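To start, the structure under review is shown below, and the notes come after it.
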């Protein structure tokens, strides 16, 4: 039995017992090793920059999912807690007398405290109820704080933000954090620490009651818990970790701006978390990886990245509301039955053409876009490492043909896949 | 004094425009529980369709056809998108509309490009209706007021005098019981969604020429219409109307009259720190009402949610 | 620039192996500006102008250093400072040594700060920041550094020029200042107040206010106040949709005095104002007249419009960046040692560019000193109009070598 | 024990102008099994919700072990030793059976809002929950999602959650509603077993259920208690027969 990290452990049974705690630690040890060797695999600075960005977003997304996934509170303004934590950190970095004696790795703690302080203030009135009231208050607060960021220049620095220099802190065992790689390890450490703490939090009485209140606030009241306070504490803890993410942002980018507070950032984290899957602890992590790649890497390839991202979200929400994590966890029963192997071939037969179909459709979209918007005379376009004339007939024929054939193959393979899926999820010798 | 009258008219135009959006949204929100984040995107689609059609038929063709197309598109979204997502709960529904808003913006850019399109006021309405103390009131604004009022009266008639209106009203107050009465709820939902988005489309067609038709126009309006219906109270068309006008007038007057925070603080007995530019409170002291005019509705909403969660005219909690 | 390969006869196999080898000897310039999102139109148009300038003014003229070509590599920063810093890192990793950016002073501030830190921490792969459009005065004052060069006249210089013109206009007795509530809007307002107070103490400032940036749906209330104040002229630093909304409202409300602006042209704004802006809209900027004085500039614009019929050649400073960089690289004899290039760039005087007038890169603060013009929005024949609307900008006044002696607080540390 | 476990004094409740509860007086001694019966619409559930703090009372007084409950929120009342179940099954459907019970144990075992204890490291929680599971015969379904249980099992779980905290006053709202005869017998046995030694208040519509279970019965009609006595006396009372059994029989046929 694998120790999957879920927020609603549906089959924990024996795992609680002493011996199995070893299994519980294994994923974390693997994650730590993975984080350590990652820069060795991808040594370039830009890769590390993207990994830093991912790690920061992961902490933020996990904090957000404490609220949405575990506490059932939908927030449209969670960026402000990360932002305020980050602003607190850049201001600290600018306080020479203090920062000179503060080793940089401890800074995110203060970011967390900053985010937490704001969460305590806002949470004191916003967590009285969940649902739409909470959501709309969060939207209003988010909008207000974002608007304040350009008005209150003293703290938020107006449009150009507040910048600082991380290397002015006290060297930490001789490390001055001059290089991206050093910063990477700092962030990776905090990512791991925060993730472990957040995971453990979901295993505490508070964490369990957060789930209980999410599912049934009234019942929780009759178990001795005030659902309001349970929500409040979840909210504050989530604010703390969002603030930690803000502190990491301050360290990595050495600047915070209005962008860290605005509704776009808040909306993005909602999408990231949902894309990954709110029902599972590791969902936001997957969501972050996918979204960052779409945003940073795909946007280098095509202007239409936003269009594809939008399609991806719609497809996810319509067909896989459990997000990517939900999609992965769908395979748990098959794996437990030991029949997951039977899915591999049908998957290949179905998804390889499906992959080409997606590429084909994307190619057609890109070609239409090119014909419509490229400058006159610029008739050649590059796609998938090919350069051709978008106004000639042949590329269109090729693209349409590839797409059509791929779609047909996918359709033909689908029934077999469905049958294989049913088979893999049926225990041997009897119906479920 | 004359300026007050002018401001009242300006605020009325803004408020009625908001109302055309919030009326549809409040119907959708209170019946289906869907926070339709894409509502303003349908408004944008209305403006763009209106523009495209006006190239062939002139403005008036757009005014008639564009809302119909938008309404059909809206009904299609409900039928093939939302209805599927509905079974998963409200959060996925919301994310769906959120993603839809992103997608519609991208599609608009794909088709019409990223620049503002030159969607203009029709020739016949390009004159000054009347002037008050040197402030001209364009005929187009008068036209906007008439259209909005006509739509409001039409809605009122449908909701209070027709059978379908009765069903909708019942669904507003008791969302769960209508199905029990044997009505085809999915069809009602689709119809309401289509009608609501069509209303947004009308707003887009008539607002596009004055407020500009560009891919960011939905985002500018985006969340303010939620604020309107929350302040007005769920399920209340009157609430939506009053809240829209209230927001229209509050923002207009806050922009027109330079109320300064410094005056307020002095009146409260605080002393202005000198020199002001060295003070940590300088930003607070120098705030003026035009600066914060457009965030006042959000403040109002937060206060209302804290002290009266059902909104001004709502019958049930948000 | 691209290796072309017509698909007609080519087999599918050769399709897969298109060469990128031709890029090897290129000098890459990273263009970090918005290519998606609300400011994508401006960013895309700017990119076209860079690509065209590199092609026409450098590569077709034989390149630099005896045959190396300029290549513009586009990075979409979505006008976000965070994304800009990520893309900066990606650009540096690709071995790019020259960064150009212009939209948003907020992004420019983040970039100049990051580049300064990067160059300090990584002396082996330093980069230069050629800012072509971000006009926050701080960039060449308090926040100046050796790696940053600004090719646009900054907000104070433009206001200096603008107020010179206003000062000479005896009809103007009352001025209304309105702008977006952020650093640039505030800087414009502050500069206007201080210059007017200096040059025309008799002018009354009847309004000085800020509105939220990008959030105002309807500018009518502001326009009412302008009319009510009986102002003779309006000054605004607004741009984008805020400029269009404000300008249209003010004009619709019956105001007929001059509206002095920074950014009321191109990107759909000229077309949207059309006839209504004539005689009212004024714009302060650097660059040439329409049509330009030099025949080669006219040719250049015609060629550009042929390639990008929907585009606007709206930022003449872009060709200045490309031409001056090419000359500095040639003089330095290297494109890899950016310190040498920077040393050639600072103090450079350049007068045989596309546009008339002399350019001087002031060494104290790396601010380009150039002629600044006050343009009027009026009928301009194609292809020198904007947005293919038949309207465009014509020079009404010129301040030669504007603010050549303007103070700077810059204390530059040189490597 | 001097003070009664639960004491109601002149309790009224109005919704708008309509008075639903019209002055109820009731004393339930510690350790007593008390049933409140009455026809539909008599206000049984309302009374129940008043006692448990779900609604505020309009006037009167409710005391739990002598302590006034006025103005107390449900969770505060629960902490004072009163636990309730719901007429409509009210469990944590997305959690396992085991977790449902464990959640109910957290507050009584003193974990409060703690975030420094890990629930699976607390033997007392695990053992306590398993003991309850044993009592309600759900050990075999320990790791099933509560939402997937059969209806009777869910009702059993509901009772398990209610008693898990060790509250000494247990209130059950129509615990057998919607059940078949055999299921009803099963649940009644279960209730009898798990409420041994505690004060029990049951609201029931089905008289047959309570006659075997209750020590005393109160009959609530139109917001008033018309009789409180041992089951046999209540059955014999002509007033009760007229007011309640008649209507009940009518309603059933």
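For reference, chains read A, B, C and D in written order, and residue numbers begin at 1 within each chain.
The working rule: contacts are C-beta pairs under 8 Å (C-beta built on N, C-alpha and C of every residue); 3 or more make two chains touch, one makes a residue touch a chain.
Worth saying up front: this structure is predicted, and the values here are computed from it rather than measured.
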item	value
Those chains which touch chain D and also touch chain C	A
By number of C-beta contact pairs, the top two chains	A-C
Intercentroid distance (Cα basis), chain B paired with chain A, Å	32
Geometric centre distance via CA averages, chain D-chain B, whole Å	48
Centre-to-centre distance between chain C and chain A (centres being mean Cα positions), rounded to whole Å	36
Chain centre separation (chain A, chain D; CA means) in Å	44
Per-residue overlap in chain A, given as positions that touch at least 2 other chains	147, 151, 306
For chain D, residues contacting two or more additional chains	none
Junction residues of chain B, two or more chains touched	113, 291-292, 294-295
Touching pairs - complete list by chain label	A-B, A-C, A-D, B-C
Complex interface listing, chain D residues touching chain A	52, 73-75, 78-79, 83-84, 86, 90-96, 98-99, 102-104, 106-108, 111-120, 126, 142-143, 145, 161, 165
Contacting residues of chain C [partner chain B, same complex]	38, 40-41, 44, 181, 209-212, 214-218, 220-222, 224-225, 227-228, 241, 244-245, 252-254, 267-269, 271-272, 274, 310, 387, 389
Contact footprint of chain B on chain A as seen in their complex	68, 74, 76, 125, 129, 131-133, 135-137, 139-141, 143-144, 147, 151-154, 263, 267, 270-271, 274, 278, 304, 306-307, 309-311, 313-314, 317-318, 321, 369, 372-373
Residue ranges of chain B in contact with chain C within the complex	3, 6-7, 10, 13-14, 109, 113-118, 128, 131, 133-136, 138, 210-212, 214-216, 219-221, 224, 251-253, 255-256, 258, 288, 290-295
Touching residues (chain side chain A, partner chain C) in the complex	44-46, 49-50, 53, 147, 150-151, 158-161, 163, 165, 167, 178-180, 249, 253-255, 257-260, 295-296, 299-300, 303, 305-306, 375-378, 380, 382, 385-389, 392, 394-395, 398
